[in-house]
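Order of writing sets the labels: A, B, C and D. Residues in every chain begin at 1.
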């Protein structure tokens, strides 16, 4: 094992991250050390990279320097003395919500939203590096049939899967609207298609992403920033006049919430996944929720590990192909290109994967050729 | 059978209702005629009685004259030729949401929120009368152990029961907050107590109602209009720091929604039952729903007839005693006193029951003596 | 409208049925008359055709003559005076479980298993005829995109869909075993594939059916009547050693139940759909159910009309293609050939569709050419 | 801390246990040492005490000597270096199912039935001693309002609560039958009463236990070993002719299963909790499960820690009083009397609690005086 490794480190409270050589992480008794085979850029990483007000408040200058990143697939190269079920050589990914075992939520099967949980890459060093330390409790053993460039995005794909399935997993033979066309929404379209949603509407803004949404299986594309079509009327016209059985808000904007509840049929289900930009959002409480008799499912993270189990099965069986969403790949040291792709508008990227090891990068390029 | 009957009729688009002699209702083939033994005043009746903007818009002047009322218990005295399962002499109450059989919601087991359903006493003549016509599809056979003054309030008690049980009926051994102290909230406190909610908080404003709430089983009373106690901190202090497992909004006000979501623990359930006074309400979407990972259940009406079944069993078994909530009883012809009780502020009434037949009134008085 | 029609009539308590000219059915006020476009043969029809002990006991000689058949698609040509939501020209199928509206089960959303329900083609004349009378309450409006030869099998396809989805509809990303290779099991394989079951095992006996199962999407074929493979070990080997998440018994035999529970992982779900040939079946109650902590879902009929809704959406969207299961088609007057196909062993037929109108038959032949 | 302690040790493969002085348990890094305040005798302890074929096979002679017992309440007096959320002085009980963290069931929220879990007092030393070592992962923090003699029986009370609530926790306003009158059934009657079951039938054999069942809240007592009453007809007579909504088999006998399924209404829920004495049990699969359309919930252990949470709330709120079921208390050194009480027939004991410390015993005696 080497003593040093390369990593993307946030060192200063301003835009950017540094490519540095740093010591290898030391693992606690209940942790494992993972050699990173592939890692991907999340919107949260972009917030931290930009050092916007949210990250300044959430992480804080005093926590720097800190290694970025939390979406990962890699190989276990060292295990702590108290590790019980993860072994050297295991091919793993990491859930990023690290639970406190005595949190009420953790005790009740909701450890993904524990009151006192910590976040990988936010509350501790992340995985934009050659190695990363991972507590056993958040290790997930991958199926070897899943290539690293797809195994590393299972964490956001889990978000998408949980958003689609909601709290009750009852979606087969239903209609579904996704409001928002970010990468998690595009993953969600694919999941919806794989699990038997029979009428999929994607509401978005960016041609690049909408095109991916179509390849992932959307039946209908509706532009939120054009007025050529009455979106609500269109959806009712394609659902026998009732509206969709399920609406997933993946945007969090006032427009998304206003239209989203109108697109939903009475007695339907609304997934609240998007993050609002404002402290409060005006909601038509009566017609949108009370009289509509709908169920609103707040979705944050993914179920540990029910969602991971389904994601692994969907990928390893080949029922779900997420290749169209992984739009760009770079060696890790070219991370700045990756962040640029994530930041530019109009979008020309969905999901960006990075590889610390150039051989892994080359192999992935070949698989996707 | 007489040809005429006495009824409280809305005749003009202004405050009030008239005590008139009118013809007996004629029943359709799939309807029954019910002799009213007891009926009760709902908030909706008060809206119509006052002829406020909602009722002017919802019912409209052109629909008058119309008989008020929809909460009822009585005896079947005539059955239409196509009635299949209701018989002469049956002791029945009425669900007020009259479904359209081909509504998608009706076909999917959600007939209580059908897109095209009609409302008894709103879309057709009601039950503030000696007789009322009821479609078989909304007839519910009562248990004879339930006195008429309680059988007639099963419709709003069903609202309360559905609000407590939510969509999943999972409440045993949990903590619950009711925000609002109207009659349905007071019923709900009693239901919560009867079904094993182990920590019941009632947030209200009126001493008269709060006192009834205490008798119905509330463990904690918190005043929404006083600042002596930090209500959110109080609830967290009594729930090991987490907040309540379930919060039922029975008020719909901006304050209720703002505080209600803060009183709820992460991963809890929020019942949306109250009706907002404004077109939109500002909601802390991120912290209240998304990051909280909560479930919001929009509750309107009651399940047909799952809720009715539980209500009947709770009452007939004696597990639930709603006597404290039925605060006033009058002969029907004294309906004006009843409406005054419902309208006055501060409140000095919870639920008001009316009896078309004075003998029924006398018998009820004796039972409650 | 003609006064007479052709029909397959059970006239005597012995094998067979007669091709007769009989009067058109007369409809009650709450019924519609349907011109049959396509109808299909169910195992129940075969029981009655054979007049086996079950049908002799269930129907009884005194009920004869009676028209056979209950799986149907057709056009509404007459509506009773009390029909509310079905119209002339509607393209409908029929749910065969005719509920009693005051059955407790009907009131609680389980009308498909009402205590006093009647069965079309068993308790009243069926649809192996040019016309059939159908109560509105069991009419289901089809999507016109679904051809009659597929629309008529939605009733057994609904059985299959309910068996797959179980009571909770939670199947996405899970593994599933079907024990039995009859037509409903073959439908079920297709449904499972369409709704995101990621590992499908089909256990059967007949090459003809197993081949269809493969075309419908089974990942693994296991022969119940061969000992070349240890079936339980095989399934564990393909489920990381645990057994399948869900096992659907579609056979009801002692062997099916003994093996089925062993194929199921701890905490899994077992669908009990097959009908046993014996009064009691020996079951390993401790290891199969109690210690296994599993859920057993008894499935009979299909949910009215939740299952129908999903079936319609799966078919009309093209997500589910059932063509391979519809193995034979005949004009109705050649019904004897159809029954022979259903009875012969080893099987060389899955689902047989009959057409009263030869033009419909010809059109169907062309569509499938 | 002393170096030695008193304990009830199974030393030989024959009836009985020895009162010995043994070294204090040594804890692993992720365990705590608990000073036992109260412990209670389970049927499993009786099996081991008797050294019947089950225990000879399950535990095996080579595992002896081993300390008996697994139901416990006590105080944490030492914590391992890796313990995260349990602290010195905490008042705890222990879940007895010790999960393997990488078991599929544990990962999917079903750790109570993990494929590779270990059992306290079966696979390792138990708590019939002054001190016991407990892994943090199965520690449950008690509410101080719950006396030790009741806190120690939360493990079997959790069995009862899970049996009552089933997998879906949907019981409010329903009817329920318990077949079997052992201590867990008696607890279950109390739980059912506390959570709003409105009609409770207890089917048993022993006057002593039936009397306790009545005090716990059973509405109807039916003797399984007398023919004075047709038990199935009686239950139908008291459920409008349908049968009970829920039947809990707490006995596992052929008679219990035969009658139990007949007592259940169509579409009801059957809890399978009792353990059968035979390798297989004859079950009327068709009428009992398939045509009945029922749900069978296999219940083993209790949900970790959803059930514990509800149990704690029910006890600490005073909604549930289990005093009648705790029929006998002894100092631990008089354990032989306790076992005699558990073994004698006809029964004259329900639940027996033992106290290692005589002062705790005296205090409990006083509380119950």
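Keep in mind that, in the parts below, a contact is a pair of C-beta atoms (placed from the backbone, for glycine too) under 8 Å apart; a residue touches a chain by one contact, two chains touch by 3 or more.
Keep in mind that what you see is a predicted model, and the values were worked out from it rather than measured.
Student: I need the pair from B-D, B-C or C-D whose contacts repeat those of A-D. Over half of the residue-number contact pairs should coincide.
Tutor: Comparing residue numbers across B-D, B-C or C-D, the repeat of A-D turns out to be B-C.
Student: I want to confirm something about subunit B and subunit C. Since they are copies of the same sequence, is their interface symmetric in residue numbering (over half shared, so same) or not (under half, so different)?
Tutor: same
Student: With contacts counted as defined, which of the two, A-C or A-B, has more C-beta pairs across the interface?
Tutor: A-B
Student: Using the average of all C-alpha atoms in each chain as its centre, how far is it in Å between subunit A and subunit C?
Tutor: It comes to 41 Å between the two C-alpha centres.
Student: Using mean CA coordinates as chain centres, what's the subunit A-subunit B distance in Å?
Tutor: 43
Student: At which residue positions does subunit A touch at least two other chains?
Tutor: 104, 108, 309
Student: With chains as vertices joined when they touch, what's the shape: line, ring, star, complete or other?
Tutor: Drawn as a graph, the chains make a fully connected set, so complete.
Student: Across the complex, what residues on subunit B touch subunit C?
Tutor: So the residues of subunit B in touch with subunit C come to 29-30, 82, 84-86, 100-102, 104, 107-109, 136-137, 141, 303-306, 308-309.
Student: In their complex, what parts of subunit D are in touch with subunit C?
Tutor: 104-105, 108, 110, 112-115, 167, 240-242, 252, 257, 265-267, 272-276, 279-286, 289-301
Student: Quick one: which bits of subunit D touch subunit B in the complex? Just the residue numbers, please.
Tutor: Spelled out, the residues of subunit D in touch with subunit B are 161, 165, 168-175, 194-196, 198-199, 219, 309-311, 313-314, 316-317, 319.
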